[in-house]
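So that you can tell them apart, the chains are marked A, B, C, D and E in the order they are listed, and the count of residues begins at 1 in each.
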Amino acid sequence: MPERGAASSSVRPASRADFVLRALAWGGMAVLGAGVCWIVGDVVLRGVRGVSLSFLLDAPARSGRDGGIAPVIVSTAIVIGTCMIVVIPSGVLAAVGLSECLRRGGRTAAVIRLGLDIVAGTPSIAFGLFGHAFFCAFLGLRVSLLSGGLTLACMVLPLFIRLCESALLGVPAGTRRAVDALALTRRTALRRVVLPIAFPGIVSAAVFSLARALAETAALLFTTGYMLRMPGSLLDPGRVLSVHIYDLAMNVPGGDPNAYATALVLLAAVLVIGLVPLRVRRVRADRLVIT
Amino acid sequence: GRDVPAAGAISGTITVTGSSTIAPLMVGLGARFEQFHPGVRVNVETGGSARGIIDVRSGLAHIGMVSRALRPEERDLTAHLLARDGVAVIVHAETRVGQIDREDLAGIFTGRITNWRDVGGPDRAITVVTKAEGRSTLEVFNGYLGIAAQDVKASVVIGDNQQGIKSVASMPAAIGYVSIGSAESAVAEGVAIRLLPLNGVPASSARVADGSFPLSRELNLVTGPAADLRVQAFISYCRSADARPLIEDAAFVPVDDR
Amino acid sequence: MTSADPDCDTILPWPPMEHTPPCCVAAPHIEVTGLSVSYAGAEALRGVTLTIPRGCVTGIVGPSGCGKSTLLAVLNRMTDAIPACRVQGSVRIDRAEILAPDVDLRSLRRRVGLVFQRPNPLPISIADNILVPLRDHGLGDRRARDARLESVLRDVGLWEEVAHRLRRPATALSGGQQQRLCIARCLALQPEIVLMDEPCSALDPMAAEVIEDLIGGLRHRYTVVLVTHNLAQARRVTDHCAVFWHRPGAPSLIEMGPTRQVFEQPADDLTRLYVGGIRG
Amino acid sequence: MPERGAASSSVRPASRADFVLRALAWGGMAVLGAGVCWIVGDVVLRGVRGVSLSFLLDAPARSGRDGGIAPVIVSTAIVIGTCMIVVIPSGVLAAVGLSECLRRGGRTAAVIRLGLDIVAGTPSIAFGLFGHAFFCAFLGLRVSLLSGGLTLACMVLPLFIRLCESALLGVPAGTRRAVDALALTRRTALRRVVLPIAFPGIVSAAVFSLARALAETAALLFTTGYMLRMPGSLLDPGRVLSVHIYDLAMNVPGGDPNAYATALVLLAAVLVIGLVPLRVRRVRADRLVIT
Amino acid sequence: MTSADPDCDTILPWPPMEHTPPCCVAAPHIEVTGLSVSYAGAEALRGVTLTIPRGCVTGIVGPSGCGKSTLLAVLNRMTDAIPACRVQGSVRIDRAEILAPDVDLRSLRRRVGLVFQRPNPLPISIADNILVPLRDHGLGDRRARDARLESVLRDVGLWEEVAHRLRRPATALSGGQQQRLCIARCLALQPEIVLMDEPCSALDPMAAEVIEDLIGGLRHRYTVVLVTHNLAQARRVTDHCAVFWHRPGAPSLIEMGPTRQVFEQPADDLTRLYVGGIRG
């Protein structure tokens, strides 16, 4: 007796054009997948010999050619942590505001989006110079982990807002009407209805933005600096993983092996963080309903 | 050094900024210096030689790192020669050319010579890799050949040493020039490049040190007029015998003026 | 219940009559004057003037697309959410204009509850669909809210069906179950005025009867406006009845009066045809 | 007589907590806005003197300190064009595939997302090295505009896919059911239903990605190179705007005035492109309905 | 219309009777055997066995939540789209099993059209809602499709209302207009079997009568399965009727037979109570 379930055959019927589309889509994915494998494979193959417990726990020596990357890991964690602490709440709120504006078809939203595009289109180096001028010099935070975290937050915020905003679009129109008609406060609407629906999207937006932040180099070179010392406070300078990789690869003759080892650590970090959204249950509204 | 203060006698922060070529070395030197003077913090930042000069002038940094000789218009600053960095001509490992002299090199870079055959190599069109304008290595190189930047006929323009090495290694007919230290460690890592002897002098750090290799640039630490004791102490340390192994380890050639 | 207010100068569009059910005092609760609504320029209602009496069940009937849902949407300002929608005219509840820009929408919508034509449960659990709005409006403590939850679910005849799965998502309910949940959610807030847009359309006769009985029970305590397609139902449960029609040009009100009068001695020819089933 | 319309007062009622939320959201936006204004203002003030028609049409002289940026503009247009030609179709298709997978709750989708996160988390420099190794050397495309465009496409694709995917989530469940029940081919479903609904989202995803691509520096340093000559073909090397800004700011003494002028040109380009989505009419499904 | 097939060994659950309307030949078109459906473990239908005769209108009635929509969803495999849904048993259309994994869903759904309980027009223009599926299935040339557009819109009584705004978005129609558009869209594809889930629930009596007449006209040409809550409607338009009920445990079929028999001589006590309006 046949039994039908989640793993059943495709829901959509097929045609010749469908086949072509399907082939194209898979082809695109395959090329991208191959690229990922190439990069990842390269990093793993060439970096794996360099990674060990002592590599993670020791201070670097000889400009990073020897020793470990403990201070680099600590600095990275602090910078990224600062960045995400700023980005997540303000980004979610901004996205909510933006999607409210958008619903009312306002021009404001359009202007804000343009602003986000401009920020996205600003080269890292410009952010580095901006961060240096604004946070380090103007606000007097010096070249420090804090300056770097804040600069990074400015860079990542537009991306996060855009991804969140799309996550919020997943709230069905009927649900919005129900919320309106029940005259729920915005707080309840967000906490009990909108955010739970958008939650998986927000988590994956955060992960994606975090990955992006981990990759940033030029902006941090100017704002968190270059120091390999273990940071003692938020106002100390430090060196993040991506800067370390860049420096080892570009400026330190003989730095390649440890550059690859560090890149492997960065990759592992992204991987671990990337696993988070898989643990998040989807609560897509009215997804289960056939009526 | 003679007038070096006693260990621990000075304290405060020393900010060093400038050339990314010198920066990794300064991180190491700073860390050593901090061991002798626990009250001192040496903070190294980078952003290019130009930034080194600007930040020293504006007082944002105590010491600037400049990977070339100071220009006449920069005479308001004091240069302290830290080391020399040889510039080696490199070719792909498979290019069978014994050596090259100044004339041929100028011919190749100005587009007069376009085939390896003309300089004793295989019959193959030459791919010229040069540095982007504004780089100090380019200025040193062009100055040595006596050619102007606009005369250079290059098919690839690169920025950093590593990029130059990768470009040449990926193009079997390429010729380029990079820092000797970087080239030597690339060869040690098995990258497919070869350092060409210039005018019969083998390209090596040792030959730069003994002064027989003709192509090299200065690596300078510059200070403003108001350099205080702490800064002078650090600069003297960088130029002391103590610092020598670190400089050599960074693939530069220490200068013998002590 | 307030008795007729001598200050109120609104002219009721029908004379107070003896056979008005005793439950229904013809004191106006909602007064709509010259109401016109258009969507992106297309008129959906033109010049509607009617009075909805306090404590009665007022039915709204008429063919599909004649602006019944639009009228309900105006009464609690749901039209604000539609960018292209323009509302002109005056709607007064207890003599306060509700179309003024400075009206507090939260308290307005708390007073005027709306049950939509399409059920739209919140995508949270069945219980939370009722408890969350209650808590949001600061009604009662935890125990009082739980008690209210059970009582409104019993009122709409859903308790037996969902008591064992109150924590399951409301979106997994069947169409009729969702509809009843939405009615319960609206009533839980105890609004003054309950607007219902075809509350029984997704319901079987059994469930529909429960809702009809419920509406009957709301009389006196609430002012109910009921849009329905079921003329028999309109006749059974409403005290007054308004008939809308596509007039040449735009939909508008053609007749309003006590239900018995509308059904038995209609003043308008179209009404006669409609309620007689000749047209409709 | 009161008249109600689009510009009416807020739809949602207010409470104390709402007020705090609102303040936070606007505060966040204000900080970001201030940052944008700072960067933009700085660039405009310092760059505006350098920009003229001849600046746009002339070849550079003295390493870019003098002359114009005509070849840089041409190179940039070619690289970004190549990138977007690759990214837009394959990204849209991949996003469609991904959202189909997601609907069926598959593990595949999760793995692909992880891959996208990894790509997002790869530092530009690593992309530069990958692009150099893969496109320039392995595929024999040399250091060229084509190599750069393709490398950039790999970098930008994950971002574009994620943004598109969210745009596709805006298709209401009821519409999906209708499409299923009508047994439309995937092609018709996409062309006539899904893409029209998602179109504004896709356009703005493309604009955002394009802005991001324009900002990229490190990856292009290795793949399109530094050459200031006017490119003659896709296989010639060239220098893009961001690299030119980077080089003028970092390596060319006295390059600052023209760095700012070039940055202003980049900004203007982003602005013009950012205006595109404003021209796109939103076709949000069932947005207008009150029933 | 095919006459009864001698090869067909399915036993009809009711005896062929004289007073079966002549239109309706009791040749089975759909045979459902031992069908059970569960959503995430919760049973929504248990052990349903019934036969739907060709060319007849078969009604499905029963209280809210008893699995009527679920049965329709199984008949054209819409259940495939619900990850947590498990379907067990056998459904055969013209004696071909449709629950097999290798069934071509496109041709199945083309043959078995479904009108949903909630109207779900595509968010494109009114005309495109009908023209796009027609073109997608390669039906007719441009002129034929335009003709079909007009004829189906006339069939559902929507032509007059929308003829002047065929290019406007379908989502801006009123609830009842959307419902009729969805019916028209389904019929335009001329499926063999038409499944309708409460097609008249959002309609006023006038529009409902149009649809009822339409369903009457489909008899002979189509096999129609009609879920309805309106018992009078079921009595008026259906030839056969199946009654579903929440049995202890899970919803299931309690009675099926010619409509007159189900309403006048119900075999099951629950049916008697239900159709008599005592329960329901």
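The rule is short, and it goes like this: a contact is a pair of C-beta atoms (placed from the backbone, for glycine too) under 8 Å apart; a residue touches a chain by one contact, two chains touch by 3 or more.
What you see is a predicted model, and the numbers here were worked out from it, not measured in a lab.
Common neighbours of chain B and chain D, listed by label, are A.
Per-pair counts of C-beta contacts peak for the chains A-D. Of all chains, the one whose mean C-alpha position sits at the greatest distance from that of chain C is B. In terms of the distance between Cα centroids, chain E is separated most widely from B.
Chain B and chain E, compared by their mean Cα positions, are separated by 82 Å. Averaging C-alpha coordinates per chain places the centre of chain A 37 Å away from that of chain B.
Between chain D and chain E the centroid-to-centroid distance comes to 48 Å (mean Cα coordinates, whole Å). Residue positions 6, 11-15, 104-105, 129, 133, 172, 177, 180, 183-185, 250, 285-291 of chain D are each in touch with at least two other chains. In chain E, the residues touching two or more other chains are 39-40, 69, 78, 81, 83, 105-107, 109, 116-118, 172, 174-175.
In chain B, the residues that touch at least two other chains are 47, 163. Against chain B, the residues of chain D that register as touching in their complex are 62-64, 129, 132-133, 136-137, 142-143, 221-222, 225-228, 237, 239, 247, 250-253, 255. By the touch rule above, chain D contacts chain A in their complex via residues 6, 11-15, 17-18, 21-22, 24-29, 31-33, 35-36, 38-40, 42-43, 89-91, 93-94, 96-97, 100, 104-105, 110, 112-127, 129-130, 133-134, 154, 157-159, 162-163, 166-167, 169-170, 172-173, 177, 180, 183-187, 189-190, 201, 204, 207-208, 210-212, 214-218, 242, 245-246, 249-250, 263, 266-267, 269-271, 273-275, 277-278, 282, 285-287, 289-290.
In the complex of the two chains, the chain E residues touching chain C come out as 39-40, 42, 61-65, 69, 117-118, 161, 165, 172-177, 180, 198, 201-209, 229-231, 274, 277, 279-280. Contact residues on chain A toward chain C in their complex (touch as defined above): 103-105, 172, 174-185, 188, 192-193, 196-197, 283, 285-289, 291. By the touch criterion stated above, chain C contacts chain A in their complex at residues 76, 78, 81, 83, 105-110, 113-114, 116, 118, 120-124, 128, 132-133, 135-137, 169, 171-172, 174-175, 178, 182, 185, 189.
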